[in-house]
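Some structures to go through are shown next.
Across the two complexes that follow, chain A remains constant while its partner is chain B and subsequently chain C.
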Partner chain A sequence: MNNFLQRLSGITSFAMSTLMALVVLISLTTPFLPSNPTHAVQLHNVQTTTGRMMDPYDKTSRTAEYARLTFDVDADLSSMFNWNTKLLFTYITVDYQSSSGFNRVVIWDRIVRGKRQAKLKLRKHHNKYLLRNFAQTFESVEGANLTLIVNPVPYLGVMYDKTMSSVPFSIPRALKAGDKK
Partner chain B sequence: MALLTSMFESGRIDFKGQELVSKLATFLIVGSALAAVVVGYSQHALSLCFYTYVAGVALTYIVVLPAWPFYKRNPVKWLPRKQAVAGNNTAPALVDSPNQPTSRKTLVEDVSDDEMDN
Partner chain C sequence: MEFMAQANKKFGVRSLLVQGLTFLSVLTSAFMIWKGLSLFTNSESPVVVVLSGSMEPVYYRGDILFLHNGYSPIEIGEVVVYKVKEKAIPIVHRVLKVHNDNTSGKQFLLTKGDHNDETDDRGIYNPGQKWISRDDIIGRVKGFVPYAGMGTIWMNDYPQLKMILLGTLCVLSLFSNE
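The block that comes next holds the complex of A and B.
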């Protein structure tokens, strides 16, 4: 610390180390900040139909069973916004067990960018994305759950999933052509 | 003006001053990190946290980097210079004698910032 440059060098490196410690402290304490979000998911209807993705450039598409859900969501996620929250990634998935193990299909998502948008009120929404089993039919599918998950994306730190609600239901099989109702 | 040059020309300070600098810098930087967390969390803004920290580091630079006079209050007391033994030519002459050409001063105690004030 004898001359100007030595002091500049030493103090600057100490300041950078302290900045690093500050960042680590902020990112480690963020998951423990309190929050009390309210959430409720209600499933109205599930319809299954067979169809095929008509894409003239893709000859590999096959006839498959597709399910269409109608659901309501009521949630107030504004308390999940702390000083380190950049946005909330909320999504709804259908989790089920099949012959190939545990499956999770995302059928709806939304990015919540502030407290103003944090009050979710969906009435009779359909799924944004198609619900189709990997094996083209829902044959070995059992124990389906409609789950609302929120993933708070921080400015500093690690992202993680927070499961909010889970509603069990069953996916009906589609009627084959020619079956009498 | 003489004060400014003595602060920045090489910025040398004595050892007690260096101790003081080290303590002050640690205290100020850790304090500004804690103040940054308090300010940022209370105002609910992460950007304010880092602006406060940068302001604290700038304040530390102002307090610590220039060689303020209060860092030079305990200058090092050097022992008096030994005279060369008369007639002995093995050691180089340390004293400027009228017969020898004056050599460039390179010993530390001969070069000081305060020579500018002469």
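The block that comes next holds the complex of A and C.
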């Protein structure tokens, strides 16, 4: 004779096993759902200045070189929304080689919450986050790239990144007073 | 020997001991699995519960995160769990900046919570600390299950719940036959 507790324990353990099987199945299959995003990034202008930026936590920011980018983004990410997509974390990175090694920083990000917001049309945007080298200047910095990346965050499951467009560029040095361009 | 046989008949000492041993073996198996997972992922805590709302709307309080640390360098955009040196609270944020130094093999990382608009984590690092390093990272988030950790949050916010739960477990185990 099965009493109440035995039935409850049986139901609970079956529910737990089913849920765990579902979690595994969903996690394994979501990254393979098809999507067809269109993407394009264009860089208009890079300007490097020095002696103006102030980061309250960084005493060296007063004399460091800071680069300001102006860029356009055209992307239709709505096909990346499937039944298991909670939001798209889109961000733009600048990566470059410096004298000490490889560097990569996020200069802009946006959370895309639904299909309606998924059509990105940015015109002459600037970097949200200040772009400076680890060293004080951009001396011997080469091979910079501007890359758009999307991180689709599921409701449940595995996290991964999808790289979209990438454009190479170079970061100029700040003009000193008296320099001719 | 005679004394022990009599004690077993009177108090069921052997069955109590067997029960205790089974209980202990379950506990130690769970511990072994946890430590084994820790070794495999190179992470001191491969499963964590999100405690703060600083990653909303990506992660909410009560989400369970599965971490894998490994030994490879941290890459940009990864959501990592880290601890500021000498502070005990693990923090789940996204990596905003990565600077590699080939001579020392070190990484200089800056993190930021997705909910903290344009404010990076320098305010929560130690005073004067501008970067965190690779060994401050407990793990990178590889997968997650939403809401599954709400029990831990409730038990932290309402310690009486912990007492009630422990009490019920004890009472149930006393009255069960297995």
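Operating definition for what follows: the second predicted complex is superposed on the first by the 163 of 181 C-alpha atoms of A that agree within 3 Å, B and C clash if a C-alpha of one lies under 4 Å from a C-alpha of the other, contacts with A are read in each partner's own complex, and residues count from 1 in each chain.
Please note the rule applied: contacts are C-beta pairs under 8 Å (C-beta built on N, C-alpha and C of every residue); 3 or more make two chains touch, one makes a residue touch a chain.
Small disclaimer: the values here were computed from a predicted structure and weren't measured.
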Identify the partner contact of A:155: answer first if only chain B is touched, second if only chain C is, both if each is, neither if none is. both
I'd like to know which partner A:106 touches here: chain B for first, chain C for second, both or neither. second
In the superposed arrangement, which partner chain does A:57 touch: chain B (first), chain C (second), both, or neither? second
Look at A:83 in the shared chain and tell me whether it touches chain B only, chain C only, both, or neither; answer first, second, both or neither. first
Which partner chains sit in contact with A:32 here, chain B, chain C, both or neither? Use first/second/both/neither. neither
Between chain B (first) and chain C (second), which, if any, makes contact with A:14: first, second, both or neither? first
Tell me which partner A:2 touches in the superposition: chain B (first), chain C (second), both or neither. first
Greater chain A contact set [chain C / chain B]: C
After lining up the shared chain so the two structures overlap, which partner does A:22 touch, if you call chain B first and chain C second: first, second, both or neither? first
On chain A, the residue positions that both chain B and chain C contact, one per complex: 155-156
Interface residues, chain C side, partner chain A - complex: 57-58, 75-77, 79, 94, 96-103, 108, 114, 118, 120, 122-123, 130, 141-146
If we count contacts the way the header does, which residues on chain A are in touch with chain C in the complex? 23, 27, 55, 57-58, 86-87, 89, 91, 93, 95, 98, 100-106, 109, 111, 113, 128-129, 134, 149, 151, 153, 155-159, 161
Of all residues in chain A, those that touch chain B in their complex: 1-5, 7-8, 10-11, 14-15, 18-19, 21-22, 25-26, 82-84, 155-156
List the residues on chain B that touch chain A in their complex, please. 8, 10-13, 18, 21-22, 25-26, 29-30, 33, 36-37, 40-41, 44-46, 49, 53, 57, 60-61, 64-67
